[in-house]
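Here it is, the structure, as structure tokens.
In order of appearance the chains are A, B, C and D, and numbering begins at 1 in each one.
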């Protein structure tokens, strides 16, 4: 590997250390090294490539748009592509689900969306405090970091991170205690010392936090708690939205309608930076320009996103396929866990956000490296990187899925046997 | 104008209100409405389009790359395109200027870069406090907002913005008082109450703040003050870098070497979201992954950026042209000011970041609207939007420049006559 | 009542509203109105008068000292009276209990002591965050307020109170859940989002919070948790120290040795403002003058305190008497609760810090007023003032105790019957 | 010196190090060591002993009150002594000066008063930010510390001190620049980045900060600036009130009426802990009990204070005497400065708050020690302890004044000659 990355890129680089190859091309579920070596991608750009690399159905639209000099950069000016996005999103995504949201383009990343959401709930309520959850991950800018759990990331802030209080995520105590017991008690007790929260921010399935899936009834309980106590509910669907768990929004199964939804990663369809913040109309109290940013209008991403809505969200084929493939992954994980009972493995997640956790925090990293040796890209997750994180493109074929699962099997066996 | 923007997009939208057209195509210095109406663009994506819209020299490279399935999304994995960027940036930009920086890809926007810089200086120094300047603009996420001056934007935070103290920017008192008198006195007096600063963050020319240009000797004075008092110097070159003021970096004229430089907007060449944080090697104390983000690797932008370095920064043609065109703009501004002495106009800026300020804070907005009526896009700037902000693509032709200046003349006369 | 209090004193006054009499003299367990009306004092200056009003054993010493022009005001200069205090405190209090603390005189009030403790633990550990408990009360200055639970008091700060996280106090969930389950899980999980705490601050019995008594085993568990996780333990013994619960320190029964102990109220013996912060020698890392204040040397209070140590803490007579009287109060409370089962009364506290709580939050206030009508001073406590707070001087006679309990019986019956 | 102070008192002790004697008695302007050695006190309890030690005119009243069992400790209950204080303060102090303030008893120390003032201005305005001044000193609790300048004291907080911005005190730039130029510009510029201030807190003469006296016209300018920009004005008269500069309030000469006045130290007359916060009636928006504290009612101090008002503030004898004596001190300081021109001495202060500053920051400490060797107590002040601080009791005799000035002369000569 050419070491200009070591000599010229900051020490902060990470994935280029994890997977020491220089990639050149990519297509569908595959990345190719400069020497042509193919790597099966079970990471999918950390959830930004739900439709695969350079998806051919979207590629033509994007290239045609760019070829004909469609607006590339447009700040938040009105463009044909932006209109197409708004219309298609409404028609294919919101309306069929009975949802009504205003769309904010807050800047092109997940953390931009989270920052806009935090600002907005504070403006709406006049309160400062936010409730976050153990092992949450919401981003690296200062507002998002304050609601993120990981202590190494938090330490990077260099200032005390305040205005947020963590509450236990679903199953944090393995179901031993009633949900929200502590949370609700603190809210109801005027002497509890908890600053009155503006909002709760939650991932329905924590990706970075270790593929921790919350139950629909827990989410409903949280939603009701928010309504009862005048807190707004923000769902951060940056990683788990756009079909990762099956349905377009990860909260659909729970049947809730969050006040604000943060989306990024796969929303742009083609892996290009884009984000939206969805806001219930009654909460859209922004003044014009109160939150802005240069890259609020990535028009090629609008084009790709619109086509993706048409291709993948006009029916439920992708959703059902994701659920089915997810169950297939789950079954293999169960087999592997049964095969090595001493390792204390645990199968986590839903849809195609799956995890294989181990008590020994060294194991997951070893499996990831063993996969890379077998030319598959798999990341780890969790506070101690103790979970193998399995997130292939949703569009992978059954053959690719089986190929990947076999590599996973081989790698687990190589590490644990 | 189709009103889906009004019905489905958040009230936070702003430029689509300022310029009520729906744009479809764009090329070079021109935007085209859906009905084919051409608009001369003297705004250039707020500085993100220094090479013009869909620059044909870069377009071919980008489309070829995407056509051949070059990696589009790659997080911070090593790719051929990323290597090309690092090599070309070093060869064409850093080395010829005698600069030595490690490159961080902090996420694709200016505010991501600023947030990374603030975190890093706090880590390096173990201090929390940052010195910013009056009328500074650094971004909308919480860390960046705390060092931004605009009270409306600050109010959007919804929490008290702390850990930053504003100091007077160059010429804040019209040269009546010695530079840094107050600042240095506070630093030297152990009883001043100023928290010891980790760093100073400065724009060499404040764009959003009203096209306020600092003098080279002021920047040098600031640099020396930082060195004397153990503060790091961050130059936010997000808007004024990549040739906007003539040289690649806006601080070159001053002959300083900031500890950290934040870049975004035009760094990606083609208007696609991309950002870098440049760090003096001795300050690159990041732990791997301590600051991360999904869109740290916008590879098509790397391709465009590399080609832009080759095309525009292999010689000094663009730099000289920018300075010459800037002087031409300045001359016309001077004429207009002389033509309407009662308006108290003032000519501001340098290179092709130019401003025409007025005492009456209504005037600049009227001129901007008059320009739009004449099919030219011109923005306003300053705390009261009292400055007409003239920032065309650097690549505009002399004819386009004259055409735009004539529209400006006509508009100023229509408003002031 | 002369209404100069209404016309000239701030609206913030409170007890003069609760007990609308103008008091003139006081002695032992009695306050006397200007018209000579005696009031039995079961409030004891909120714990500042454990030895009664103008205790005759102490009075002579104080008056003799003042009469002979002993130093009254001495900042933190060395004086004979200060030496006497240090020596007597060591001999009568610390040594017999096997304790070894350095004494800081942090300013004359409880909140001064708490502020000094919070500053010191942050200096020692280099961390900012403090763990407090639900319904804690530690004082009204900004540092102390941030670790106080009461939402009305917190709201008075006018700024967000940060750097503290509340944890459930003992029995907050009526024993349903293991102690410290949530707290320890947050500490152990590096992804929990809890900022690493410098210290835990706790009252062993929460006075203002509603006479909530913690169990010795809970305190021991907390002490062990602190040691295990490198957190310092601050016991706020401002109200419950100096024998209020029986032993001199309220934490003696638990057998723990806190890192820092805050004392005020009765420490000065005679109701004069005085406070000390006790610091384990290894934690005494203060620089000279790093925390100061004008009234660190209330010398008449030193004289009274020293004599009080000699009179009351040379043997265990007072301690045993307090425990016995406390049990007598508890027995009467139990009878009253049994007499009015529908009221859902609950007997709280230990020693002579006793409470009678009710489900209906109006009841306690009515009982307090009924007591005042019967010429007894009794306060309420708890987040909704739902607890009758019974805190007579420890020195009251058995006859006075029975007299007060009869008034309490009559008042409860008048309200509940 | 018995070393129990070294073995048992915290390292934070300071004055007992500066003046290594153990004091036993005190009367008027004199402190007496245990061996009977008299020390002339030119420090006066840091301003808490304006009427001298154990003032015989006040002593009788205090002892009679205590002897007859007048209420000693009364929280904020109405008492005869409290009424007497309110009435006498109104009659002797407020009414003759045409002032109308509600009186809050915020706890017995200066920092309690400052904390109450900061909370109140935040409640009134709904803003968080406070403007303080370079070299201000307001106290050691967290709120007061945030508006204090001294970096060593600030560092003791252990958390970032925020919500306050320092502005240059009068003459900070030796009159070179117009007053409030920078301050007002920041207020008027909506892009300045200054958080909108709730209030300004100021000492009219900075004691701890180095005996820096502000001019009446500067104070008037500040007052007008506050009124123009909707900021409240808090005068911290804790050290400089009660006649220290001549008039009862130190702001009388300027002819202003602050919104809030903080008083402590000598307000209680006899050196006993007591404080008041004076609030313009229209600003008295406290809820009952919103700020409280155990020692809000130091009744012996009320008695002493009332008698002091009668004895010293029924006419202008003390005021004139203080001014005359202050001028006498100033004349001697001028002579000393003239005698040692090389030392660059500067005469500071007004009334009997006087300072002798030196360029060499070692000199003042040496003079203080030389004075102590000659049996006089004199403190230093200023960020580098570069000022000899001369603050005798206001009640000292002319002979005592001359005696002290001679010791000062001898000491200065011993150090500088």
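A few notes on this one:
Everything below uses one rule, namely that contacts are C-beta pairs under 8 Å (C-beta built on N, C-alpha and C of every residue); 3 or more make two chains touch, one makes a residue touch a chain.
As the structure is a prediction and not an experimental result, all values here were calculated from the model.
Relative to subunit B, the chain whose mean Cα position lies farthest away is C.
Of the pairs listed in A-C, C-D or B-C, the one whose interface repeats that of A-B, with over half of its contact pairs matching by residue number, is C-D.
Inter-chain centre distance (subunit C to subunit D, centres taken as mean C-alpha positions): 30 Å.
Our note on geometry: subunit A versus subunit D, Cα centroid distance of 58 Å, whole angstroms.
Averaged C-alpha coordinates give centres for subunit B and subunit D that are 50 Å from one another. Contact of a single residue of subunit C with at least two other chains is seen at positions 128, 152, 159-160, 163. Interface of subunit A with subunit C (complex): residues 128-129, 132-136, 147-152, 154, 160-166, 168, 172-173, 177, 181-182, 185-186, 189-196, 209-210, 382-384.
Residues 159-160 of subunit C are the ones touching subunit B in the complex.
Note for the complex: subunit D touches subunit C at residues 1-2, 4-5, 8-17, 19-27, 31, 34, 45-49, 53-54, 59, 62-63, 66-80, 82-83, 86-87, 90, 102-105, 107-112, 115-116, 118-119, 121-123, 128, 139-144, 146, 152-153, 155-159, 163, 198, 264-265, 270-273, 277, 279, 284-295, 298, 300.
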